[in-house]
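So, here come the structures, one by one.
Two complexes follow with chain A in common, the first pairing it with chain B and the second with chain C.
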Partner chain A sequence: MESLFLQQVVNGLIVGSVYSLIAVGLTMIFGVMRISNFAHGDFSMLGAYVAVFILAWLPGWLGWVGSLLAAAAGVGLLGILIERGLFRPLLTRWTDLDQIMVSIGLFILLENLAQLFFGATPRMLPDPFGEATLNLGLFSTSVMRLLCFILALVIIILLQIYLNRARMGVAIQATAQNRKAAQLMGININRVYSLTFALGSALAGLGGVLYGTLFAIYPTMGAMPTLKAFVVTILGGMGNIRGAIFSGFILGVAETLGGSYISMEYKHAIGFIIIILVLLIIPHGLFGRSEE
Partner chain B sequence: MTGPRQKLLWALAAALTLALPWLISDRYIQHLLVMSLIFVIFASSWNLLTGYAGQLNLGHAAFFGIGAYTSALLALKLGVPPWIGLFLGGFLAAGSGFVLGIPSLRLSGPYLAITTIGFAEILRLVAMNWVSLTRGSLGLYGVPPLPGFFGIQFTTELTFYYVALAGAALALFCFRRLTRSEFGLSLQAMREDEQGAESIGVSTNRFKLTVFTVSAFFGGFSGALLAHYQRLISPDLLSLHETFQALTMTIIGGLGTLTGPVIGAVLLTFLSEGLRFVEDVVKIDVRLIIYGALLVVTILFMRGGIVGLWERLRAGRGQDTEER
Partner chain C sequence: MRKVSVAILALALCLGLSLAAVSAGAAEPIKVGILGPFTGSLAHNASEMKKGMMLALDQVNAKGGVNGRPLELVFGDSSCKPANGVAAAKKLLSRDKVLVLGGGYCSSVNIATSEVANAEKTPVVVAIAISPTITSRGLKYVFRTSPNSPMFLEGINQWLAQVKKPKTVAFFMENSDYGRDGQKIWEAQCKKIGAKVLSSFYFEIGDTDFTTQISKLKKLNPDVTFNIASTTEAALIQKQAKELNFVTQWIGVGGQFTQAYFKMTGPLSEFAMGSSLEPTKAMKDPVTAAFVTAYQKKYPGSRPGIFSSQGYDNLMVIADAIKRAGKLTGDLAKDRDKVRDALKTTDLKLSQGTIKFGPDGQVHTVFPSVVQVQLKNCQSDTYIIYPPERAAAKYLVPPPWPPRLFMLRWGPPGRGRGALTAPGGRGAPRPYPLRGTGASFVFLLLVRTWNRFFCNKWSTA
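This part shows the complex of A and B:
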């Protein structure tokens, strides 16, 4: 029993690391631009497909490194285009409703374009370790999943370093805290917007590749990471990066534990139940500070 | 607004609507007309809450499903007459709308959107997994039709058209009364500026709950209608895509207008069937791609949808070009 519990916690942490990665992108974009992007999970879907195609063409280590780089670059670039084309025109008449609905249109569009171009058959990413597992006595995990976990952590840490050390990283944080003051300090707000959206999208793309190591890849899969990322983001307080990181792990562990001890069928309801309770009791999320 | 010419036009439109299924004998087109009307109710009820009251509800499919499952199960398991089931389905949806409305009083924008999605997703999982009651993902089939009276059977597209039409008329009448009254004005004040509305004495909580309840009632009512028309329902009725359907129809028609969702529902029902023929030729599923594209284009370039465009054209050519 003890080891089952531990095993589920480990599984939860692995899934959670991917949730965190995807959610960090979403929460960053919200924090800086007040955009709730419902197509965020579709960026993950695109990232996963980038990996599918690159690995089919170039198997092995080079393929994996290439997949991660191409997913980040490709989806990041798409993010810039979408920010310029869809979200920036709405800046002048910024209402929650308009902005969310554009992202829903984008969600429907991307999902079905993917269906058109990639076909509906689910795909899996090949395991470079030949399904080798690592047994640590109390729990075991496949080497691929372990690597997925480590990669997610490394990316999150690199992001933290960038946001705290690099000039543009600090500019992003400043804009998230106070848009007007940041502008007065001479920060080019449009560049910050582009960069934030590109970074956030790239994180979704990277998260998608890692998501693909855990789950099947298919055109309509994007709804899942979108909803998970929103749950995580709300749990951590929208716009709160550190909150999103911790909440991703919390959701991952809560889901696997709930799935094995309460009910497998209602696993995907757990996140929603948690946020409905959280919103009722502590509306600013577990790690939130009240805005204003 | 209501000159004699206007009245004549309305009378003509009403007569045409009544005669429509007799003018078109094709049963398939009649079927599309029925589906349009059901979606007129569904989309309009979503519009009441989101378009008029500004409360972004992305879980409207929950009410659709509650209505459909309630009425279907009552008829199948307890033999409750479907005519009563239609309204019981609506009332149960209204009750859950009220309950969902309570936490939503404090939430807005993305928070409300996710809470409502969560509500619908949880219910969808229940419908999927409570197999002994709902038969899970297989869905319920053999849902009884609406019983006939005076020798009229409601099993054909032609007769059901009038049931759906009566339902749509009832819904639109209620929405019109609500939105054209002082209540409606307060709603719009609340949508534009919630704190401002409160400061002039609008009790926003009471309004939100009322709108949540009424909107949910008709969402459930339309779902129950669909259940007794299609006679087959599945957990897909509770899915996010069903809500997005109402959303797309309303936005393209005109958010926050009475006629917008009506135009949108009819247009998209027929458009998606038209595109199905295109798909048969080119073997590509283009329907939803066009939905998504239309949604994005409408919000970016054609604010107010078709109704907005029409009003701008009528207001004079000089003003129909937006700043951008």
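This part shows the complex of A and C:
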């Protein structure tokens, strides 16, 4: 006997895990650098295209693992370049509006470059598990979807360990809490910035490979993850990493359950209704804390 | 050719000579006006229509023309803009004095030009335009040789009533006019054949996650699920239905079956259905096959599409009507009426199928053939399954996923391993033994050779 409720929860958790992964990168960058990166989803798109090319060259699960690594490295590197070349020179003199404009410009630029170089044809990644499905009685899913979920969880846990245990990880957290105090404690702020942007971008790239594995890959695919990542970030509190992790799952499950039991047409609206409610009632997010 | 004739005409008018007096010979050509968007964004499709018409013209004139007189086409460019179309139509009717107005493309242009021609009491035969308005206004001189939008779904309606006879259906539609209009037509048909509509779901263009809706559909378990969607969404829906182990007969309009769609879904889209007017799919029909052969002989290396076929049929219908109208009197108004009366009794078998006009001037006997995606020679492609006289394959009921996936993985050649490894397929790699060793190289070589023989392709495995 299949349970519709359980099936929808599983669907929601799987999508939610990818939302979390992408949103964690966004919230990290915001927490440390106060940059709302509207091009975040396009980093995911680039990561997905890395996977397209690697899997064309080396099919199979080996290629899939390779494309995860290459997407993280490639998009992370691109993140460093963009941070150094674009965001850092403006960091000291801009207003909030400037950086929003710059990141929106970057979003349009990346989308159009992708269209130019990769073409508008949508693609799907081949399934390294030969389309194997899991029919577990209570719900059905595919091996691939389950693996995406587990991988997203593992990456998030590894990130948590890094941020809490490693020296640079703690430095990132310190900078996020108080930039001036961290600087006074001898933390090299510029290195922290580079590292944060690289990590955040790499997470977006990884998320992109998973998103591309679950869904389809095309130049404008980045808009949806960007929107969802912002919903998740606001829901969890801007800059709050743990908040983003849980909010990603909450959004995923809320969307599928809302779509299933309230109204299918308002599936996407649910996320935005949540944003408005959160901003009205608890402006610092479900897990946010006041900075003052 | 056209420029020259226009120039001669202009010269003749300048000199104040009557055209009729200049060329009153026995072999004086009969002029047919052809409208179309020969410039602008639809120029490519219009040139396809023109290529079909030129083929028809060749065939008619090779047989000595119509009643001993050759046909001559005079082209008018509408650029798909109603104002330009009306100007071009007026010029064709009053300056070129064409007997019949054919061609036409773009619904908005044809709505306007058919009104102009009707006012001039000139028969107009529209070749390509989908809006029902064109033939629903009760205009006495307007005919159309292509199906209108409700008729695009008529083939599927007949198939539902006569073959599938579903007990329960569900709708999973794109939230647009395209999706909602299609739903209205199919809903009416379901009512007629007594199928119960379980539920209607919609998705937005650009959506990627359909698992919520598919999970609900699975719970409802409809015999048939109507799914009007474009390429990307339709491909994702097929993939996610597999992931959620949902089996149904998917029916769409057919526009989603593009190259990208088959590349994305590979063998997963098998059994999905839609409709198609592509003449190359209907080679079982001897008339259509003859058209395709003649077309490829005239234009080597090209493949006739739906527009070529519609252009060809359009001119053939016009030529036939002029022929049956008998010897022309020379009085344009009388001749035009005679042709109009002849058009009413048209009964021809052409590349799209039988062409007979209803009292409204609309052809009601042409409808797109029903196609199903089937896996043949390791490639998924659409095959006509209805109507029976055009069918290239038999309808296959979609089997449950577990045996289907098992067959894809381990089944016989053509249906089995090859399907997943063929370049056109998803290219999903299979777990093969001893990967990374010398033996695996030999194994890969074997797989490639296997595919070479059974799929006629070197696999990328």
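What we mean here is this: the second predicted complex is superposed on the first by the 289 of 292 C-alpha atoms of A that agree within 3 Å, B and C clash if a C-alpha of one lies under 4 Å from a C-alpha of the other, contacts with A are read in each partner's own complex, and residues count from 1 in each chain.
Here is the rule we use: a contact is a pair of C-beta atoms (placed from the backbone, for glycine too) under 8 Å apart; a residue touches a chain by one contact, two chains touch by 3 or more.
None of the values given here were measured: they were computed from a predicted structure.
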item: Touched partner set for A:E265, first chain B, second chain C, both or neither; value: both
item: Partner chain(s) touched by A:Q115 [first = chain B, second = chain C, both, neither]; value: first
item: First (chain B), second (chain C), both or neither touched by A:F215; value: second
item: Touched partner set for A:D98, first chain B, second chain C, both or neither; value: first
item: Chain B versus chain C as contact partner of A:L184, first or second or both or neither; value: neither
item: Chain B versus chain C as contact partner of A:I281, first or second or both or neither; value: neither
item: First, second, both or neither for A:P128, with chain B first and chain C second; value: second
item: First, second, both or neither for A:L227, with chain B first and chain C second; value: first
item: First (chain B), second (chain C), both or neither touched by A:S140; value: second
item: Chain A residues contacted in one complex by chain B, in the other by chain C; value: 265, 268
item: Contact footprint of chain A on chain C as seen in their complex; value: 175, 201-204, 206-209, 211-213, 215-216, 218-219, 231-232, 235-236, 239, 242-245, 260, 263-265, 268, 401-402, 405, 408-409, 420, 426-431, 435, 460-461
item: For the chain B and chain A complex, residues of the former touching the latter; value: 50, 54, 56, 103, 106-111, 113-115, 117-119, 121-122, 125, 128-129, 240, 244, 247-248, 251, 255, 284-286, 288-289, 291-296, 299-300, 303, 324
item: Parts of chain A lying in touch with chain C, wherever the complex brings them together; value: 2, 4, 7-8, 11, 14-15, 59-61, 63, 121-124, 126-128, 130-133, 135, 140-142, 144-145, 214-216, 218, 221, 224, 255-256, 259-260, 264-265, 267-268
item: Complex contacts: residues of chain A adjacent to chain B; value: 30, 36, 86, 89-90, 93, 96-98, 100-102, 104-113, 115-116, 223, 227, 230-231, 234, 238, 265-266, 268-269, 271-273, 275-276, 279-280, 283
